[in-house]
């Protein structure tokens, strides 16, 4: 458990890693209760298991991937844009993750990037039933977006995980990230005549706010 | 038709001579708040395109303007009759971000409230399922019986459906006096009552002939499509977040998960009903094991400073695994809140179930997905 | 005699006047009868727009049983309906559909705005996709506040609407 805060220190934003370092020492205290209830002997093993998953990915993909955190039951991997397809394929075929829980887009205007986070999980592999693998990848962000026709693009994972189909459509309309190889990049939730910025971008402001 | 005044999605599409395009919804007794565009050849569905978004209210964007506690009321609105469960992952996530440890009594009360809420949700779902099948008794019985549990929740929280009961750090208020006895009595009666549904609904030959072997989702497809909850368990995958990744005190409680193999509409409609009986079991067990006194709420800590932090929490709601992904930049407001809702995840299965089915089976198949449109749209 | 009075030019005028006279003479009893019929057979359209539909469903459940007040459960087609209960939030995508539904209904028709979202936008006052109340698209007769309103509140709103219809002139739509 003592090795865990060090792993966590590598945050999403590398330049902020110093201040988080001392703060995140509280974090294991918060995450402990969940595994505490399960047989207590398992507790030291859990982070090792998650570290094994992270190490396997790092071994295979080297500098294209970085570990952003290893917490009990959660592994966060940051993947470059061009490697995300391969890493996802590796996660499905070798690590036995079989579906995607959620796909979230997060806008980082300061970095000029949009992060798309895939939460992978598994139904079939009993050892992975508690685990969530976070694959985070970043697309270039443009200040004046033309959704679908600008450089904000990522490879689609639909051919690997079929379950991302609607999630990626949602990210496309909410953040303007075009998924290359997705067969059906249509609008899903927003009204048909929506002509404003994609609403979940940080520069889109709700009226009156 | 006066096409110019119509928004593009409403324009009538020209179809093939044989193939007819039907817009089922958003005003249709068999669709609820969404539109299902189906193409039919004779009586058989050949293509299906779900069109959600009629209740898209921008909850995730709104969450970025409110602080962590003020987000509680509006984040439970997606499923107001399952409001405890839909709020659960958010509250757990905020507690993990702040490093709060909730008291034991609060955890038990949360579990009781969540299970009561699951029953309330399932009863409403069952009532509407009765309407979709043209079974009026099955609307009246569950709609009447769920009021019993709503009374209990009202005693507990003060509101009929929108409880805002779970807050970061515990629950809002302690149980009223004498709640345990009333709860036990009501739950026992409720369980006896729902067992009678077998006679009128689940063993009813008309229902069985209408739903059996329709809308079959195989085990492989259920996994591949990432479905969750009752849809997944009806297809033979034993996965329940309460068992697999227990949160709060679920690992100390005694219950089973229900799994059926057939994966048809009948199995999908039966699983939530069986789950309700397990919920009654959980509530009784929790009432017994709950500490009889103690604090139910811990004081919130100040937000830690500096850098980004994220958390992904999931719970088992009335419809399936419900995840909440919170990104915090250590400001009073969350940087991003994403709800990964089971309805939205199950929606992808709809075209797979409907293609090749008869149009008449559409309402029962659609509603057996345990779908709540407001939640899917957020 | 009468035949001479009615020529091809003034026929319509005369008949129109006759209708006017007739209506004025029997306005009260006929209007009462027509309104009586309207009051006790209000058919709501089956259009759910947001989460308030849960409480609308609860209002027709055995405990609250809105049917005993003459509000029939929402199972019919919209061509035979005369009441729109706007059950909650109206989003920008739903608004044209709601108006379309309202336009297709036969006269006379009444609108109940149920819940804070339908009245002012409610909790979603600052959302990018929610209308700030439905006044802009539909003429509302009764506002039922609450988030969501309890079934009792909805029933009270329906009874207020019945009171309103009772005082309306039936002639307008005859």
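As written, the chains take the letters A, B and C, and residue 1 is the first residue of each chain.
What we mean here is this: contacts are C-beta pairs under 8 Å (C-beta built on N, C-alpha and C of every residue); 3 or more make two chains touch, one makes a residue touch a chain.
Just so we're clear, the structure is a prediction, and the values are computed from it rather than from any experiment.
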* Structure fact -> With centres defined as the mean of Cα atoms, the chain at greatest distance from chain C is chain A
* Structure fact -> Chain centre (avg CA) closest to assembly CA average -> B
* Report the inter-chain centroid distance for chain A and chain C in whole angstrom, where each centroid is the mean of the CA atoms. => 49
* Could you state the distance in Å from the CA-based centre of chain A to that of chain B? -> 24
* List the centre-to-centre spacing of chain B and chain C in whole Å, with centres computed as mean CA coordinates. => 32
* Structure fact -> Shared-interface residues of chain A (touching two or more other chains) are 190-192, 199, 204, 206, 209
* Structure fact -> Multi-chain contacts in chain C, i.e. residues touching at least two other chains, fall at 91, 93, 126-129
* Asked: Got the chain B residues that touch at least 2 other chains?
  -> 7, 53, 56, 58, 61-62, 65
* Structure fact -> Within their complex, chain C touches chain A through residues 91-93, 125-129
* **chain A-facing residues of chain B, complex** => 7-9, 52-53, 56, 58, 60-62, 65, 95-101, 223-226, 232, 237, 239, 244-247, 249, 251-252, 304-310, 312, 314, 321, 323, 325, 327, 335-336, 338, 340, 344-345, 347-348, 377-378
* Would you mind writing out the residues of chain C in touch with chain B in their complex? => 45-51, 53-55, 57-58, 60-63, 74-75, 78, 89, 91, 93-94, 96-97, 100-101, 123-124, 126-130, 147-148, 150
* Residues of chain A that touch chain B when the two form their complex -> 11-13, 16-17, 19-20, 23-24, 26-27, 29-31, 33-34, 37-38, 73-74, 76, 98-102, 104, 106-107, 117, 119, 123-124, 129-130, 132, 134, 161-167, 170, 174, 188-193, 199-200, 204, 206, 209
* Asked: Along chain A, where are the residues that touch chain C in the complex?
  -> 190-192, 194, 196, 199, 204, 206-209
